[in-house]
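Sharing a structure here in structure tokens format.
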Amino acid sequence: MFELLGIPPQALFGQLLLGLINGSFYALLSLGLAVIFGLLNIINFAHGAQYMMGAFVAWMLLNYLGVNYWWALLLVPIAVGLFGIVIERLLISRLYHLDHLYGLLLTFGLALIIQGLFRNQYGISGLPYQIPQQLAGGQNLGFMFLPNYRGWVIVASLVVCLATWFMIEKTKLGAYLRAATENPTLVGAFGINVPRLVTLTYGFGVALAAFAGVLAAPIYSVNPNMGADLIIVVFAVVVIGGMGSILGSIITGFGLGLIEGLTRVFYPEGSAVVIFVIMAIVLLVKPAGLFGRTA
Amino acid sequence: MAKAALLEKTTPHGAHAPLLAIRDLQAWYGESHVLHGVAFDVSEGEVVTLLGRNGAGKTTTLKAIMGIMTKRSGSVMFDGRETIELPARRIARLGIGFCPEERGIFSSLSVEENLMLPPQVRPGGLSVEQIFELFPNLRERLSSQGTKLSGGEQQMLAIARILRTGARLLLLDEPTEGLAPVIVQQIGRTIMRLKQEGFTIVLVEQNFRFAASVADRHYVVEQGRVIDTIPNEEIERNINKLHAYLGV
Amino acid sequence: MAVETSDPGIALATDTPSAAGMSRQHLLIFAGLLALGLVAPFVLYPVFVMKVLCFALFACAFNLLLGYGGLLSFGHAAYFGSASYVCAHAAKAWNLTPELSILLGTGTACILGIVFGSLAIRRQGIYFAMVTLAFAQMVFFFSLQAPFTGGEDGIQSVPRGRLLGLIDLSADLTLYFFVLAVVFLGLLLIYRIIHSPFGQVLKAIRENEPRAVSLGYRVNRYKLAVFVMSATLAGLAGATKAIVFQLASLTDVYWTMSGEVVLMTLLGGMGTVFGPIVGAAIIVTMQNYLATFGAWVTVIQGCIFVVGVLLFREGIVGVLSKWFKKPL
Amino acid sequence: MARSEDVILSARGLTKEFGGFVAVNGVDLAVRRGTIHALIGPNGAGKTTCFNLLTKFLQPTRGSIHYKGEDITARPPADIARLGLVRSFQISAVFPHLTALENVRIALQRRRGDSFDFWRSQKVLSAYDAEAAALLAEVGLAEFAHSWASDLSYGRKRALEIATTLALDPEMLLLDEPMAGMAQADVERISALIKRIAANRTILMVEHNLSVVASLSDRITVLARGQVLAEGDYAQVSADPRVVEAYIGAGHG
Amino acid sequence: DTAVKIGVLNDRSGIYADLAGEGSVIAARMAVEDFKAADKGIAVEIISADHQNKPDVASTIARQWYDQDGVDVILDVPTSSAALAVNEITREKNKVFINSGAGTADLTGSKCSPNTVHWTYDTWALAHGTGSAMVANGGKKWFFLTADYAFGHALERDTAEVVKAAGGEVVGTVRHPFPGTDFSSFLLQAQSSGAQVIGLANAGGDTINSIKQAAEFGITQGGQALAGLLVFITDVHALGLQTAQGLVLTESFYWDLNDQTREWSKRFSEQNGGKMPTMVQAGVYAGVLHYLKAVEATAGKDAAAIMSKMKEMPTEDPLFGKGSVRQDGRKIHDMYLFKVKTPDQSKGPWDYYDLVATIPADKAFRPLADGGCELVK
């Protein structure tokens, strides 16, 4: 059989597909971060914790109220997004006029608190969350066994990503948001309620994280640290894509998933660092990331 | 009192109440007290200018009217409504448009998006076509990034975008700064036309000749106060006094 | 009525520099810190105070870059950690004296600083931060895999050795005064850099880079210089820490270490002289004394950050310096 | 015509494209030593871009630049300043969290070359205070020496920028709209100042204030749509109908 | 009268917080109560701290405990790097260290110390328990999913040796970054390798994620067996039986082994929010008990005397039964091979394991001579 660098092409397809699925998570998470950073200039370090909350709230809904996965997919982002709105109103809104590093410090503190509270309540090992019945099992694609759930992850995240992109880049609302990032005072002087816009945006970014969390619950360990280590990779994705570029973070998310997948085949030990190598190269060649606008 | 006399003088002789009436307006940047009781009136359909040296407080006055000074007190009546307690966005919704001196073009928005950004607060603004007629440069560069425009083009864009909103009181901070003489003349004509259409305009100007060519009345600002009022028709007579104020 | 009279006699003195070139209040604070440092080991546990000292130096080195160079590095663990590894290896495997090991470690950080710095300074803002992070992650990956670093066990039981081959450092107190001297000299050097003609140029570059270029400053050289200084001093802190704890481990090169030093600096007040020292002291103390609170540690830590940011927006020392209206 | 050794700065075929859009298109420019040369033209004509090219803040797509007989087309921007060719910016450029005095000192310091001295106390810089204060007084900012630059009003920031530029004692200055946003009084003072400093320097400036241009400049180049439209002294240029149409406008004098 | 101070140093916030954490402190307290220390004139104080799985934090705390707080013995210390750090400091300060939580066999091998006892398990024991038993049950072809750091490598190496020695074969290995979240690529490689057994040479969250995703990809349904080389009951609890069923693993303690373990575990779980003890927590209990016996016997707390007493005295406790502490510090007891029950087989919460085989004490641990410990003459 024809082989590519010692790997049968069939296996390679499988790996690429898996990479794409992983990329879906990167894309969803980095999208939320990009929205929050690009529009509020806040480096939302609590993003990982909010993703984790998404998974946990889904678990709680199921175990305490019997709410199933599908409803969770809808309700959890709303609930966690509302939580984000409260956080924004009470805490983050006090920091906009400061260097955005202070936002980082605050959200880092929030992440610690959220993670700590969940850890105290639910321990660290994690909680079980089953794949919804409709999506159990999988398809034999010939070259690999594709669990139905993974297919669904791709579809769901693609849809959400594109919808978000459209909303921010192509609608008036998005223009308000982008303008408000640059000069909130002036946008306010045009008669736009900037604080409310900002609050909703933060809530939306958090809701995206929570949505990713619900998607992740059935396949990744639902534990309080699940977002903590992911966050740094997701930052890398946002930066490679070009800070503030919504489309950039989506494409980069999927793209890096693919590249990481390939690394896992050819040099698995390096798959943790490959993203950073790429980031270094990209930034040295393209100063503002792949899709970023130069100032 | 001298102040009362001044107010007497600044109130136009017209019968109806002024569109904008400012009394004892004070404003601070943090600790530093910049406006010390500005007072003047503008009637509907008038063009007035604020003249004064650098740092006199002209820009600050506009910002205080617009509600984007964090700390201010006194009274700003617009169309019979007290606005001193309102946030900037509510003031804008009453129909006041602001064009800042540093232009405030958004770099993450295209020229078109910049132009379309301010929401319409009232019918009766200029149409996009009329705007392009006024500033043909903008039409050609619609899809470029806002801050990639030349300095003067940015100035045009900044004015253009509030003309669209239908605001009936326009606060223009040095709208001719950095513009080619042809464009300055064009803006002068635009201001006259806006005036005819019933817009009310408060203009901050350094270009005294330009100011004289469009305005009904000039208020001289010094150290955060309006210290004199000169109707445009009396400007020739008062030219020496004015030169003294402006230190020419 | 143009202002014709120029009066060069206008009050020019900003603050009164003392003999050492320090303003009076800074001299007093430094003296106070030194006194505190001399008394501390007799009141507190010396090893703990040494930890505070090492991290104070680390944070101040970082602040030199962030607070005065305007460059946020998110990969300072690379310099701290690599110096710590090299120093530990030199002391343990090559049996070098502690001062030579520290020098070697510091030198390594300096070289790394030159290599990474010259690439990274071409980028700005968050991109700069992420390039430095990327390099640091590579150093981390290297440290995880390289044979001499001992993987996730690190290099353990590093001998403290004899200073200059003469003075035995194994007693905590002896070591303490050595560390105090190293750190204090480091801090004085940083202070001097900040308040030098060079420091003034740095400030200008941070404020408005194109303008500095138009005045003829080759800004990249200044940025690189301050980057290397910062990396080297961070290395000094890391190497010293390796001798104190007789240990070099992955914690020192992991990104959380880079994050920690950002937190220390922000909590204390970035761009203030003494802020990072305060920040380091608080965070190290927290880690030490909260360790017994078990699972609540992170919650308490998080609350301190949140409250810290909300109450002391410009860092603790930043706010104090506003109160007293004096740069601290 | 100017003999070539009289020309201090020259550009040949200077062109700059921004992704398809040609902002500056084959501009030839020769500035003679000791003159005040004005660059005028409608908004968006490419004047600032020209400045950016001449000072190497932008890399030209095509064309060459010579300064004092030396080809500087490939030099980095900081070097240009070191050769004595210093610019100001159209949108005011000061160091906001430095005092006015410190702003000027930064420039003085560069000229003296102790800027890398990280081991010396900054109090050595107070040696420059008197000179800096004198420069501030020249632009009318004496009483603001210890104000933060960020707290100055717009017009005063422009004045500060000029003082800072002068501190470098450049052989040639490129001033981008030095009068923009200045009150009448200051316009006159700065005009006088420019005249005074031009005594032993060369100045290339962009300015929209025609009376300033008329009174100051020895020679004027008019740009329009990235190309040279006309060149000559004020009388010649203002009589050119193309210039009137494109720039000056009918209503003007 | 003697006053002893016991320091329980472990992970209270990270990935090992559930299998050690507060539960270990509870276990230590129970040991003091069960020993009736106060009646025997021994005043015992227990303190605890979080080492966050970092060797530097662990060494700082250990140093401070010994120097400042008068701690006589440190217990637990999961995470090999932290354990090795405490091992060194204990040696330097001449105190006692009874490790329960860490896996590294170096503690009783090349890094062995006269001041250390390694109680509960080690990588050698796990590798041999699971490796030999699986091969004996017909799992001859192995594929390893290894966490890419020394601990993972050691687990893999030890197990591979056993597999080969028992006549099996290793058909492939993939090293995944540590820590990782997505293992699907690696599992796909394992799936297509034709191996009968997939050995998970990783720990904590990595193991949980690999098992969860293995279930998703239908690995066990496909006929391949999963062997966890370091899996604790808390991990199984987190996974749920639906996902974890069929997993084979080795432990030295299970709450449901006999009446004694059940009685003790019931008392324990009442204090631990209903959670059953892990073998690590059990090890802390037994370690404290044995230490206190040595204190009583030597009527003092001199480290050297206590250590030699602990090695000389046979151990006996309700959790590990009878055993001994070897010269190199290795505690010797039986190990057990378990298989995770299916949801149908389980009678209730925490009823997770079927005992597959008991590995007798003399076979369970690395022979004394092989470790390279210098204490062994």
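Side notes on the structure shown:
Should a chain be cited, it is by its letter among A, B, C, D and E, assigned in written order, with residues numbered from 1 in that chain.
Everything below uses one rule, namely that a contact is a pair of C-beta atoms (placed from the backbone, for glycine too) under 8 Å apart; a residue touches a chain by one contact, two chains touch by 3 or more.
Remember, it's a predicted structure, so these values are computed and weren't measured experimentally.
The chains that touch subunit A as well as subunit E are C.
Looking at which of C-E and A-B shares more C-beta pairs in contact, the answer is the pair C-E.
For the pair subunit A and subunit B, the distance between mean C-alpha positions equals 45 Å. In this assembly, the C-alpha centroid of subunit C lies 41 Å from the C-alpha centroid of subunit D.
Computed centre separation for the pair subunit A/subunit D is 48 angstrom, with centres defined by C-alpha atoms. Look at where the CA atoms of subunit B average out and do the same for subunit C: the two points lie 50 Å apart. In subunit B, 247 are the positions where the chain touches two or more neighbouring chains simultaneously. Contact with two or more other chains is made by residues 13, 17, 21, 148 of subunit E.
For subunit D, residues that reach two or more other chains under the stated contact definition are 185, 188. On subunit E, the positions that touch subunit C within their shared complex are 12-13, 17, 21-22, 47-51, 54-57, 59-61, 63-64, 67-68, 80-81, 84-85, 88, 92, 104, 148-151. Interface of subunit E with subunit A (complex): residues 13-19, 21, 148, 174-182, 184-186, 188-189, 191-192, 205, 208-209, 212-213, 216-218, 234-235, 237-240, 242-243, 275.
Within the complex formed with subunit D, the residues of subunit C that make contact are 1-3, 6-8, 10-12, 14, 17, 20-22, 192-193, 195-201, 203-204, 207-208, 210-219, 221-222, 225, 229. In the complex of the two chains, the subunit D residues touching subunit B come out as 18, 21, 40-49, 90-91, 151-156, 177, 180-188, 208, 210, 246-252. Put simply, subunit A touches subunit B in their complex at residues 172, 175-176, 178-179, 181-183, 185-194, 244, 293, 295.
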